[in-house]
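Look at the two complexes coming up: chain A is in both, with chain B in one and chain C in the other.
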Partner chain A sequence: MNLGLACIGVIGVALLVALPATLDLYELLQITLYAILGILALSLAFIWGYGGILCFGHSAFFGLGAYAYAVAVINLGESTLPLLIAIALPAALAAGLGYFMFYARISDVYVGVITLTVALILYNCINSTAGPEYHIGEALLGGFNGIPNIPSLNIPFRPDAQLEPEAMFVLSMGLLLLTYFGLTALLATRFGRVLVAIRENEQRVEFLGYDARLHKLVAFAIGGGLAGLAGCLFAAWGNYVSPTAFSVVQSAQIIIWLMVGGAGTLIGPVIGCFAISWLTLKIGTQQFVNANVVLGAILLVFVLLVPKGIVPLLSERLGSWLLSHRRLTQLPRNAATQESKA
Partner chain B sequence: MEYAIVVGVEFVYAIATLALISLGLAIVFGMMRIINLAHGEFMVMGSYAATVAVHHGVNVWISILIVPPIVVGLIGMVVERLLVRHLYGRMVETMLATWGLSLFVVGLLTTVFGDTTEGVPTPLRGIAVGAYQVSGYSLFVIGLTVVTMLGMYALLRSTRFGLLARGTMQNADMAAALGTDTSKVYAVTFTLGAALAGFAGGVLAPVSGVFPSIGGSYIGRAFITVIGGGAAPLFGTASASTLFGIINQIATFASNPVYGEVALLLAAIVLIRAMPQGITGRFFRGRL
Partner chain C sequence: MSAPLIETRALSMHFGGVQAVRAVDFALAEGELRCLIGPNGAGKSTFFKLLTGQIKPTGGQVLFRGTDITGLEPHQIARLGIGIKTQVPSVFNGLTARENLWIAAARHHRGKAATAAVAEQIERLSLGKFADKVVSQLAHGQRQWAELGIVLCGAPHVILLDEPAAGMTEDETVRTAELIREINRTHPLIVVEHDMAFIRMIARRITVFDRGKILADGDVEQVFKDQAVRDVYLGREAAA
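Our next item is the complex of A and B:
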């Protein structure tokens, strides 16, 4: 596992350094977007795959982060504080929602439906804010037209020093790596272990004296904040945000990344995110097939046929293949205990 | 007085539409503990079935009342066979699979019909109440919802299928041990839920526009109603849609329909905190 982590770190840093020099601007912008969406994928991978919180409306936090950044940066003219607001506001929404959901001890199905409904209604809300009477400070919300001309991120406290695309790429990719290793480290702490234990058996963990509700609430808030960060970067990347950031299709996409890559891992959802984002980009360039048809079909196929996702499937195959070799050569006793466990 | 009547009709109409769009979802949830995320798309397919039938010169009443439940019921039967049946007992996977189906159907409808709004003419005229006018179709929808709810009650209460369905709902293993083919009961229940969704889509086609992604504007309210109502499909739908319909209407009168929906959501979240099992988890226990 540590070998795998080291590999990911080396590859990540290599990409971080090499890509700006080798790619042209358009490709670099695309890769930047993938890195931003990768952070979004990680935020859900953490709360869904490790916390066992089935958030069906994750786009609520993503969209809220994007809109919070847009509104704040237009009003303040400087991006340091807006970036923090874009993380804090979704985290607060997640914490508030988490309080009502986890302290009522509602079932997974209810959590899924309530989060999805929150995203749906936020979408309807923002969608209907067209017209000059809907504004927050100087920022017009713009309804279904969205907010254009959002200022890019700048170097902290220097509003005139806006980040160039290369710098934005380095920032996004760096934050993606930071999120990945940060979450890996968090999962290795006592908090992370308790969280995974809650996913496995909430009642047993509570009998051992841990407060499952509080752990889930904190995890949910962290996930919401990270999704908000991704939303903020997304708005700053495209200088534009529209209500589709809140849409059900956006929520579904994040879950599809998880289902394709494998929800019980951190690297799987990122890979799934890159693959699906690339695919939807390709679908967008042609007229024959509607993107929703493909996304729906992918979700159906994976739920029915590959419920674990690709990465766990591959690592399992690889693992058992390695084990079978070891059994033949060196470790008959260990292999036997492995077998009896399985 | 006349104004009071008009406002009263508005309130009852809000409650009735809420009950109508939630009933199919509630029956599937109550019987099978499954939330069908493609419920909105089932409704949209019902609306399209009605639209296509009207455009082909079928009588408008047959188009909105008879055609949609049959078409969508058949689709629901196929979906149960191909999809839901393989995922029984795995609620989250079922939700994800029906979500995939929902995206697939939206994409398919967009491909076939285009991203344009179609419509069905409203078959009833307004009725004058003093100086005001009440939509005749609203009254029709209210009456129809009451009839549908009573019909479902009678079906579950006094037919053989209803008996088997209630037995399966209370204890599926015991029902199976006594010789009930529970998978058949589930299949019929899911088909019934789909047919009710199609029916709601057909009935509401004349008042709302018909376009591929309109399902999204129904399902939020339907989810809230079903979760607020809890496990008992009929009493839950009736009580939750009454409560939420009133809250929604008050907020709508005070501001606009969008904030009405927000108020609905907030009310539902607070309700869930107070009664995690929904209204019927606390009151009307063991009813239908």
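Our next item is the complex of A and C:
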């Protein structure tokens, strides 16, 4: 496990250093986007894959982060505070929603329905704000046209020093790595382990004296904040945001990344996100098949044939293959420990 | 005599028109091992859920060492030191037995102290052989024992067990009875049970429920001789 983490760290840092020097600008911009969406994938992987909270409307937090950044940065002209607002506001929305959902002890399915509904409400509200009368300070909301000309991120407190694409790539990739290792560390703490236990059996956790509602609320707020961060980076990356950030398609896409990559892991969703995003882009360049048809087919195949996702499948296969080799040389007791970890 | 460990006063629960528990007065002393028996639908399980806060009573009170705990959330009741084992094993299926116990121990202990507490219970309940297996892959009896381990790692002051021997083989049942007597050296227990042979193995004092009320209460042999108890429970079971 620690070996795997070290590998991911080394590969991540290597990409961080090597890619800006080797890729052309267009490719670098694409990879930056994938890194940003990777953070979004991790935010849902944390609350759904580990917390067991079925969030069907995760785009609500992503979109809110993007819009919060856009509105704040247009008004303030400097990106430091807007970045923090873009994390805090979705986290607060998630905490508020979580309070009503978890303290009312509604069942998982209704959590899914409520989060989906919230995303739809936000989408429709923002979508109908076309017209000069809808503005927050100097920022026109723009309805279905979205908000163009959003300033890029700048070096903290230096509005004149906006990040170039290379720097934006380093920041996004760095934040993706930070999110990955941050969540890995969090999941190793008592809080993280109790969260996984809640996913396994909420009643038992309560019988042991832990407040499951509070744990879920905190986890949901963390997930909301991370999705907001991804939204902020997305808006700053493209200098543009539209209501599609809130759309059901956006929410569904995150779920597909998780299902393909493996929802019970952290690396799986990132891999799923990169692979699907790349595939969507490739399909988009030709006219033969529609991208949504292909995505739908992929989802079907995975749900039916690889329900756990790629990464758990590979690690199981790899694990049992390694085991069959090690068993010959090691004591059975060690093999059993390996098995439980794989 | 000091306040009972657990006491109920006129505890009642009705679901619509059904009176599941009717004004039950019950008391458990420190150190005691009490069995609750009764035919299906007698209100044992409802009574159990009322004690643990899984459902809120429609009337009456539950007291723990003299403090009113009626209407508290399950985790608050658990924090007072009431450990619960449910009828269907309530465990963390995707985790190993050791990890299951750790979650319980981590509530009170940090770092190495938690690991030590886990190791102590694994030793006490002889879970060593399957401690590092994922609980969902264990046999039914082993899962029940793993759950006992979880409950003990939570360092409770009193333990409530709902049908601990349900679905066990004869050997497993005997082993569970041994474990329960062993646990009773350090912990007071309330055991809800159906299996009369099992009751005879562990019980000293038993309380018989029938139609939401306490029908009889007392020493095992004395209660088994009681004609009313034989009629509602033993007689019916013998006839079945």
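The working rule: the second predicted complex is superposed on the first by the 328 of 342 C-alpha atoms of A that agree within 3 Å, B and C clash if a C-alpha of one lies under 4 Å from a C-alpha of the other, contacts with A are read in each partner's own complex, and residues count from 1 in each chain.
The working rule: contacts are C-beta pairs under 8 Å (C-beta built on N, C-alpha and C of every residue); 3 or more make two chains touch, one makes a residue touch a chain.
Remember, predicted model here, so these are calculated numbers, not experimental data.
Using the contact criterion defined above for the overlaid structures, shared-chain residue A:196 touches chain C, although it does not reach chain B.
Contacts of A:209 after superposition: chain C is touched, whereas chain B is not reached. Once chain A of one complex is fitted onto chain A of the other, the partner contacts of A:27 are absent, as it touches neither chain B nor chain C.
By the touch criterion defined above, A:298 reaches chain B but does not reach chain C.
Touched residues of chain A were counted for both chain B and chain C, and B has more of them.
After overlaying the two complexes on the shared chain, residue contacts for A:316 are found with neither chain B nor chain C.
Residues 190, 193-194, 196-197, 199-201, 203-212, 336-337, 340 of chain A touch chain C in their complex. If you check the complex, the residues on chain B that touch chain A are 33, 35, 37, 83, 86-87, 91-93, 95-97, 99-108, 110-111, 216-217, 219-220, 223-224, 226-227, 256, 258-259, 261-262, 264-265, 268-270, 272-274, 276. Touching chain A in their complex are the following residues of chain C: 52, 54, 73-75, 78-79, 83-84, 86, 90-96, 99, 102-104, 106-107, 132-134, 150-151, 154. Interface residues of chain A, counted against chain B in their complex, comprise 54, 56, 97, 100-101, 103-106, 108-110, 112-114, 116-118, 120-121, 123-125, 128, 248-249, 252, 255, 259, 289-300, 303-304, 307.
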